[in-house]
Amino acid sequence: MAQEAVSSPASTPNDPADRPNTMLEAAHLTCQRGERTLFTNLSFTLGAGELLQVAGPNGSGKTSLLKLLCGLSPPVAGEIHWQGAPARGEDFRRHLFYLGHQHAVKEELSALENLHISTDLAGEPLTDEEALDALERMGLAGREHLPAKVLSQGQKRRVALARLLVSKAPLWILDEPLTALDVGAVDLIQSRLAEHLAHQGMVVVTTHQALHVPGVTPRRIDLE
Amino acid sequence: MLITIIRRDLLLAYRRRSDVLTTLFFFVIVVSLFPLGVGPEMKTLRLIAPGVVWVAALLASMLSLNRLFAADYQDGTLEQMLLAPQPLALIVLGKIVAHWLVSGLPLALMAPVLGMQFDLPPEALAILFFALLLGTPILSLIGAIGAALTLGLRGGGVLLSLLVLPLYIPALIFGAGAVESYIAGVSPEGHLSLLGALLILTGLTAPWVTAVALRIAME
Amino acid sequence: MSINWFKYSSPATFYPLAGKLIPWFYGLAAMLTIAGLYISFFVAPTDATQGESYRIIFIHVPAAWMSMFIYLVMAMWAGLGLVMNTRLSSIMAQALAPTGAMFTFVALITGAFWGKPTWGTWWEWDARMTSELILLFLYIGYMSLTAAIDDVRRADKAGAILALVGAVNVPIIYFSVKWWNTLHQGASVSLTRAPSMAKTMLLGMLIMAIAAWMYSIAVALSRARLLMLEREKSTVWAQEVLEQKP
C-alpha cells in the first residue's frame, strides 16, 4: 500500500516566493487492477514549475497512476482536478502531453511522418523545418525519412521524444522517458525538462534511473 | 482533423498493401466456392448470386475489421488518439472512412465482375454495385463497434464475427434484396432507400458508440 | 414511503435478502406452471385445424415472449450499470442472460415441434422464428463477450454497450426479417398467425408466461448471488458467508 505524498524539503531553491498556483490536484485516489488494490487514498498537488517523480518497484502501480492522471482509466475512488475543474474532456487533454511505455511510432511511416502526425493530432502542427530540427536535435539526422521499422528501439524512442522538444502543453506525464537512451540523449531530455519547468510547465515522471534535472529538486511519491 | 486521419490511415494501408489485397482475394475465392458447392447450373446460380456476393462481402469485410484498431493498439498510437484534444468519434470516423476506402469500396467495385460469373444481367450488376456501395460502409461502421469491443481479447476474430454478423443482417437483407427484387421485376427503390436510411442511421451513431467502446476497452 | 434503494443494492444487504426471496419465486413459478399446464392440456379446447398437437404453443409462445422481455430487461440493467456505475445492475444483466438464452432456445425447439406435424417441416423461415434465431445469436454474443473479458469492470461495460446496441437493433432486425419474409414467401404460412384464439387459450399462455417470469426472477437472483460472491470474495461479508457453508 502507498503512503501519502512526501514533499520535498521545506527550502527548495526553485520554488517561487509564493506557493505556486496549484494546477493539478489529485485527491484520495484509489487504484485497482483486477483483484489487486495498488494504492489507496493517494493525494498530491502539483503546481507550475514542479516536477513530481513517482517511484516504486515494478507492478506497484506507477503506470496505473499515470494513466489515472491522464484520464485513460477512472479511479476506483478519488478525484483529479486540473485548474479547479475535473480533469476530463478536450479542454484538459489540450493541456496534456503523455508519453507512455509504448513509443507510439508507426513502423511503416518515417520518423518525420510520425512526428508530423503526432503533432497534428495534438493540435500543434509543425512546419517541416521545425520537425526536421527537432529530429536532428534528437540525433536522428539523416534518418528522418527512413521507415521507422529500420530504426532501433532507442531510435524509435527518440522519435517519440522529439515531441518533447516541441510540445507546448503545460502538463507532461512521462512514463520511463529515459529508457534505452544514451548519456547524450539523457542530458538533452533532462535539460529540456528544466526548460519546460522554468516556463511554468509541470512534469509527472516515473523513472528507474536517477533523474538529474538541472536546477530542479523533484518531489517524490513512493508506491510500494 | 478528419482529413488528417483519413490520409494517415490510407498511407499506412498503402505501405501494407498485401493486407488490402488479401481481403479482396478472399472475397473472390468465397464467391467462387459457391458454384463448386452448388453445381454449375446457371439457373440456380443466377438465383443465388445476389445473396452469395453479399454474404462473401460480409465475410470479407468482417475479416478486415481487426486491421482497424489492432495495430494502433499495439504500438500505442491508439492511446495517443484517446488523449488527443479532438472528439474521439471524429477520429474514429476518419479511421472508418479510410478502412472503407481500402476494404469496402474495392468489394463494391469487384462485385459486378463476379456477378458476371453468375450470369446476372447488366442492370442487375449495376444495382449490385450500388447496393454494395451503400452497404459496405454500413458494414465498416457496425464492424468498428465490434472491433472496439473486442480490442485485445484472446478470442479475437471469431468473437468479433459472433458479435457483428447478427447486426449485419438488415444490411444483407436490404442489399441482396435490392438485386433480387429487380430480377423479380420489382423496383429496387424500396430496398435501396432502406439501405440508405440504415447508412445514415449507422453513420450518425456508430462512430460515437465506437468511441465509447474504445475508451472502455482501454481502461 | 421512501426506500433507500442504495441500501438494497449493496451486496452485503442484497445477498441475504435475495436468499429469502428466491424460494417464494420458485413457489409461485411452480404453482402457476401447474395451473397453466392444467389449462393448457385439459381446459383449452381442441383446435379445429390442428388437433391436439397445437398445445405446444402454451410453451412456445410464453417462451418467445420471455426471450424478448428478458433481453430488454437485461439491456436495461446493463445500461444502468454503465451509466450509474452500480455493481448490482451489471450483475443482474449477466445473471439474466443465460435464462433469456434458454427461453429463446426453448422457443425455437418448440417452434420446430409445432411446425413438423402442422406444416411438415422442422423449420420454417418465417419472420418470427428467424428473428428468434437471431435473438439467440445476440444472447450468445453477449455471453461470449462478457466471458472473454477477464477484467470485470471492462466486461460489464463492454457487455452493456453490446446489449444496448442489440436492443436498438432488435426492432430493425425484426422489421428487415419481416420485409424479407413477405417479399420472398408471398402468401406465407405464419406459425403464429393463430386463428381466433379461444379465451382459454390466451389465458393459458398468459399464466404460463407469468410462471416463466417468476421462474426467471428466481433463477436470476440465484445466479446474481453467486456472481456477487465470486466478485466480492475478498470482502468481509463474503468470507463470512463462505465460512458458513459446509
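Letters A, B and C name the chains as they come in the text, with residue numbers starting at 1 for each one.
As a convention for this text, a contact is a pair of C-beta atoms (placed from the backbone, for glycine too) under 8 Å apart; a residue touches a chain by one contact, two chains touch by 3 or more.
Since the model is a prediction, treat every value here as computed from it, not as a measurement.
K.L.:
Name whichever of B-C and A-C has more C-beta pairs touching across its two chains.
P.N.:
B-C
K.L.:
Average the C-alpha coordinates of each chain, average all protein C-alpha coordinates together, and give the chain whose average is closest to the overall one.
P.N.:
B
K.L.:
Between chain A and chain B, what is the gap in Å from one C-alpha centre to the other?
P.N.:
Each chain reduced to its C-alpha mean, chain A and chain B end up 39 Å apart.
K.L.:
For chain A and chain C, let me know how many angstrom lie between their CA-based centres, rounded off.
P.N.:
Measuring from centre to centre gives 49 Å for this pair.
K.L.:
Round to the nearest whole Å and give the separation of the Cα centres of chain B and chain C.
P.N.:
Taking the mean C-alpha position of each chain, the two centres sit 32 Å apart.
K.L.:
Please set out, as single numbers or ranges, the residues of chain B touching at least two other chains.
P.N.:
219, in rising order.
K.L.:
Two-or-more-chain contact residues of chain C, please, as numbers and ranges.
P.N.:
151
K.L.:
Could you check chain A for residues that touch two or more other chains and list them?
P.N.:
Within chain A, no residue contacts more than one other chain.
K.L.:
Please output the residues of chain C touching chain A within their complex, sorted ascending.
P.N.:
Going by the criterion above, the answer is residues 150-151, 234.
K.L.:
Across the complex, what residues on chain B touch chain A?
P.N.:
It is residues 1, 4, 8, 11-12, 15-16, 71, 74-77, 79-87, 91, 218-219 of chain B that touch chain A.
K.L.:
Can you list the residues on chain A that touch chain B in the complex?
P.N.:
70-74, 90-91, 93-94, 96, 98, 100-109, 113, 117-118, 120-123, 147
K.L.:
For the complex, give me every residue of chain A touching chain C.
P.N.:
Within the complex, chain A touches chain C at residues 34-35.
K.L.:
What does chain B use to touch chain C in their complex?
P.N.:
Against chain C, chain B makes touches at 145, 149-150, 153-155, 159, 162-163, 165-167, 169-170, 173-174, 177, 180-181, 194, 198, 209, 212-213, 216-217, 219.
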